[in-house]
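Some structures are shown below for you to check.
Look at the two complexes coming up: subunit A is in both, with subunit B in one and subunit C in the other.
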Partner chain A sequence: MDLLYLAWRNLWRNRRRTIITLTAIAFSIMLVQALHNLSYGVYAGMVDSGVRAGSGHLAVYHDNYLATRDESLTFQDRDLIDKIAAIDGVTEVLPRLYIPALAQSSRESRGVVLIGVDPTSERRINPFLKDLPAEAMVRSTDSRDAVIGSRLLKELQINPGQKFVVTAQHRDGTLHSELLRVRGVVHSGMKDIDGSLILIGRQRATVLAGTAGAVHELAIILAETRQEAAVHRQVETIIGSRPEIEAVSWEQAMPNLANAIKLDYASQKFIFLIILVIVAIGVVNTLLMSVMERMREFGVILAVGSKPMTLRVMIFFEAFSLGLLAATVGTILGCLATWYLVKVGIDLTDFVPESLEFGGVVFDPVLRATWDPNWMVRIALYVIGLTLLAAAYPAVKAGRVTPVEGMRHH
Partner chain B sequence: MLLTLAFRNLWRNRRRTLLTLSAMVVSAALLILALGVFSGMFRDMLASATEQYHGHLVLARDAYHERRDLFAHLPEEIVHQSLLADDPDIIGRSPRLRSFGLISRRESSQPVEVMGVIPRMEQQVTSLQNQIVAGRYLPADQDNAAVIGQGLARKLDVQPGDELVFVTQAADGSIGNDVLIVQGIFATGDSRHDNNLILAPLPWVQKVLVLPGRIHEVAMTLADPMRAAAVADRLNRHMPEDVTVLDWGTLLPEMREVIAAYDVSRMIIVTILYLATGLGILNTFFMSVMERTREFGILMAQGMRPWTIRSLVLLETLMLGGIALVIGIFCGAGMTFYMQQVGIDLAGYITPVTYAGGTILPRLHAVFETGNFLVPAGMLLLISLLAGFLPANRAARLDPVQAVREE
Partner chain C sequence: MALIELHNVSKVYRLGNQKVPALTDINLKVEAGAFAVLAGPSGSGKTTALNLIGCLDHPTSGQVIVSGLDLGQSSNRQLADFRLQNIGFIFQSYNLIPVLTAAENAEFTLMLQKVPRSVRRQKVLALFAELGIDGLEQRKPADLSGGQQQRVAIARAMAADPRVILADEPTANLDSHTAEGLLDLMRRLNCEKGTTFIFSSHDERVIERAKRVIHLQDGHITADDTVPS
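And then the complex of A and B:
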């Protein structure tokens, strides 16, 4: 205990040096924590909007569908929707049927993928439909209404309310055509979506493709992302009796989004690593300086009977108090920065034209952080560990001095 | 004289100087490496959009740029003029006719984009011939050949030699319907091209669409892609009103924004990293100035001017920055070179990421770009000067009488 107290006093013998070092460490911790929380929030936003437009947090498919996207791999949903929707934490279960088709107006044709949906539940969840007025949505599962992307509408050279024809391959191998009418228009700001999206009623889609009530996908939307594992297990139990279908997480169903996040986070981690290396070198420098200055003093301490080990432990205690103090101050600053980023966020509205797109999803132009306390504590502990590691060389140096040499020192 | 003094001063406490130097070198070198790798990702992204699809410039009618209007084909005189004109900036031109429709084989069908090209000319613009994973590229002499994306081939379960049926609406309103023989399969890593794109001979597409002799666009490759906007401007001066040459920046506004955003975030990252480094330099020089209080007092007592003392300290920090810069650039360039030549393959961990109209390939590989060296280098010198400022001021403000008394 005395040694710890001594270490603490030693730290403040050169106040300016300690404060500068402290500032450097605390500042780095704040930056790393705030940046991480910001990305954490942005990624969560991306995942949220990504899963709502895409596969859901969890998705149920026919076994091979994900690998091949072979449209013949449908399954009967029977009572699955009701059963899964009853699981605690599940907000919505969206049945979807994907049908490759040729969309034709009187002037133009485009290859598209028709998405057969349940209009009521889809409208509640799908972020692309957020700004769509209620009357512009597909009216029922078997109506001839279609909601289509704005660019596709322009390319087909038709207007809302006008008719167009879709032709798809029926189960029996022949081409079937259906007449549809444009009910609503989606403008997401993403070229791929606006140029290809066509939503129609589920019943109409099954008639066109001859799949009789079957679906390709059940997208399961959860209230919170972290319930995923628990819900996944329960879904597995429900579909357990049907070996031809499987439940997968969004990371598997939407690898583009998952990988975009992974890649972005990896490059961020590399920057974090450089920051920590620089901090470590700074700590080594400070501690080494302070050890070199006190060689004479160490000589005296050893001469009056202290063991070299005690000196080493003292240096480690100094490093530890420095690290602990810096971690505390840094985390407080990190909390303040995060708090600001949660409450206010970074508004990019003036810098980005319409919408931000990353990894195939649109997200809010106001970047907001989300608290990740576990990670904040972890980074603070890393830094304390790093400080102790950085103290190793100065401590060895201090322990190696002999009383005679030390006392002769300057 | 002052220079020699500053240099000698630096090495009076070798260990301290070396440690500070190492922090500076590490930050500069790793930054240069990281920026080189980021640039490599952007280069891949840009290449996936230009060299695998658009080319650097695209000449087409405005209606075609806007909504891919089937009937907005190019007037013949423009085609001749643009294909034959000699232009030192343009190293490749490819006339194209595009058709959107449904491709089927047995029970499965997929929406596709069929691009009608002249193989010999298309190879000057896109590099798909280098990305064939099965079979061969479009032969010059077969009129119903096709090369298709790997994703599409997998979904339709086809091999080279198999037959596909393409259905679309022709210009005369009829349903065009014809057979293609798959010659080869390409894999670009970009899911949209791999799942959606088919190259076929131009005459075949003209026949299916009933648009004999017509083309929609001329794609061009430039010797210097970064000059695309300027070349497009120049070409547009000679174009009729409803025909425009667009550069890749205009074709892919998302990507241009991403690159602009990268320039900003590069500055932010560099600033943040150097602030941490700068505090280290500040610390070292405060120490070194405090130690030399007595010495500065004597120098001043002998008549050295405060501003000379100040420049001495600033010279020391600047010199340290300079040395760090040389070593840092050297190490950074070395690592960048290694990553350029060898790189790291991430194919086992992640799949390609499609983003802002391009694709980031699952690999880390660096490219050399002047900005990636200039920004860290300039900032390092600036931060050394800034970090030297406070200690230099302190040294210059010393009172000789008191300073000399200091133990």
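And then the complex of A and C:
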């Protein structure tokens, strides 16, 4: 029999109250862990979708392009694509050329952004093209095929297979036009994308803009996001001899997405904090009631020779036992909830439009969690710490009682 | 030197703005091996005197010396250590810890003294046999009768081999047969082990068995009778 054993026995003195408190703490842990893992999964999906359609996990730009979006700031990719693609962890390097242009059909005209791409690698990576049949993709980099947004198609009042003209400013200052044919149609679910996207072969785009061999962006896609820092360093080494270009992370290239995730997670953390404060209040209540009920007993324990510190330690042991047990049960429940959210997810199809947009990217309406064991352990440890913190006041109160005062309690 | 000495001891409690004297200018000496009772009606100062002797409270004035320790010169920490090593307590309502078994309750002071588990269990089993409650070791206090609980409380008080056992109205909640049995038991322990027993009581059965009866009335000692053996 030692203090920890005595604390454990004391914990079960009022079984129903302990079980209710334990359930509340465990349920809160489960909620916070499952919600975090769900957010982690959704954010990971958004980042994945965002980097594939946008800048990649890392991107190489002319050093002033991100700040100005000046279309004249291109750079020659030379052998950069091959060198970067050879880095361990890089799955694809996507060259892109962005050209502001005017698209015209026989009936309508619209301002658009033409994107010159490598059709083969782009189709493998870009989530907007995942539902596009192979025969609907641009056939080669110099073909006159175009893949256009569904809304733009409607606005230009043309159909797949029909021709339209794009006009853009050539590097020499004159306007150049190209006749393109609608090969495929993209329906991303995002109004801006579907209303302005035109993908063409990269070579055809350079002919139109007069920028032979030049790109605005090399989007680097990684096998795993956590390799970003290591690959970033290697890319910087490769481009080190070319001061006119820079490698940036996806957060720098797509600040809207990064900030949207940060803001969303910050609001979630606030909710987590509220949940944990409620847990702390519950623990204080339970321990304080337990202490107040035992004042007479504490008086006796002190009378027979115990020191106030022994009582305080016993209260902390009670809180620790409660926290540890709740953290264990809560983490088991959190694992079960996460497992369900990973395997099945939350299907929002019936509640939201066909596709969901957040932070400028489209994500799956079936929300799925991703395991984040480090964070799960961390939240469990936080709760144990919080339980100990919540025990401070009851412990101080227990330690302040004198034997005579304590024994007068009824 | 006496085991317990009270010199000009007064104790005044405060009730709001009012001062309530519980003991006034008490002088008392108790020798080791005594079997004494502080007798008197309710409010006479018996429990206050017992609390002072038991190092549970400080006097308002005067000097309390127990086994050479001057209470007024000792910190609460020193007093707690002193109680643990030298004083055993028996209470009117037993005051056993309800979540512990009878044996664990009896072991409690030994646990505080950090005595190894096997040693303390052995000691408590021997005490239980001596007190006639062997076989009840694993029972919780709620499953014991009043007399059995008080025997467990005696075992707890005896376990650490204290020099003094202070018993506050130990028979008040017991039927007369059980009370007499317990008093005989404590008297036997006093004779065999030489442990000093000091009771506070107005129970005639306790007073009859005491070797010394100290009468208290309104905070004053009115008589101090030693019964010839």
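As a convention for this text, the second predicted complex is superposed on the first by the 409 of 410 C-alpha atoms of A that agree within 3 Å, B and C clash if a C-alpha of one lies under 4 Å from a C-alpha of the other, contacts with A are read in each partner's own complex, and residues count from 1 in each chain.
In this text, contacts are C-beta pairs under 8 Å (C-beta built on N, C-alpha and C of every residue); 3 or more make two chains touch, one makes a residue touch a chain.
Predicted model only: the values in this text are computed from it and were never measured.
After superposition on subunit A, the partners subunit B and subunit C are seen to fit next to each other with no clash.
Of the two partner chains placed by superposition, A:A229 touches none, neither subunit B nor subunit C.
Of note, the Cα-centre angle with subunit A at its vertex and subunit B and subunit C at its ends comes out at 90 degrees, rounded to the nearest 10. Shared-chain residue A:G305: touches subunit C; no touch with subunit B.
In the superposition on chain A, no contact is made by A:L179 with either subunit B or subunit C. Touch criterion met: A:V404 reaches subunit C, while subunit B stays clear of it. Of the two partner chains, subunit B is the only one touched by A:V279; subunit C is not. Touching more residues of subunit A than its counterpart among subunit B and subunit C is B. When both complexes are overlaid on chain A, the residue A:A134 reaches neither subunit B nor subunit C. Looking at the shared chain after the overlay, A:R9 reaches subunit C, while subunit B stays out of its contact range.
After overlaying the two complexes on the shared chain, residue contacts for A:S106 are found with subunit B alone; subunit C is out of touch. When both complexes are overlaid on chain A, the residue A:F27 reaches subunit B alone and has no touch with subunit C. Superposing the two structures on chain A brings subunit B to within 12 Å of subunit C, judged by their nearest Cα atoms.
In the three-chain superposition model, subunit A touches subunit B and subunit C at no common residue. Interface of subunit A with subunit B (complex): residues 16-17, 20-21, 23-24, 27-28, 31, 68-72, 100-102, 104, 106-113, 151, 154-155, 157, 167-169, 171, 173, 175, 191-192, 196, 255-256, 259-260, 262-263, 267, 270-271, 274-275, 277-279, 281-282, 284-286, 288-289, 292, 351-353, 357-360.
Per the touch definition, subunit C reaches subunit A in the complex via residues 51, 54, 56-57, 76-77, 80-81, 83-85, 87-89, 91, 95, 97-100, 104, 107-109, 111-113, 117, 156, 160.
Contact residues of subunit B toward subunit A in the complex are 15-16, 19-20, 22-23, 26-27, 30-31, 34, 37-38, 66-71, 100-104, 106-113, 154-155, 167-169, 173, 191-192, 253-254, 257, 261, 269, 272-273, 275-277, 279-280, 282-284, 286-287, 290, 349-357, 360, 362. The touching residues of subunit A, when paired with subunit C in their complex, are 1-2, 6, 9-10, 12-13, 296-297, 300-308, 310, 402-404, 407.
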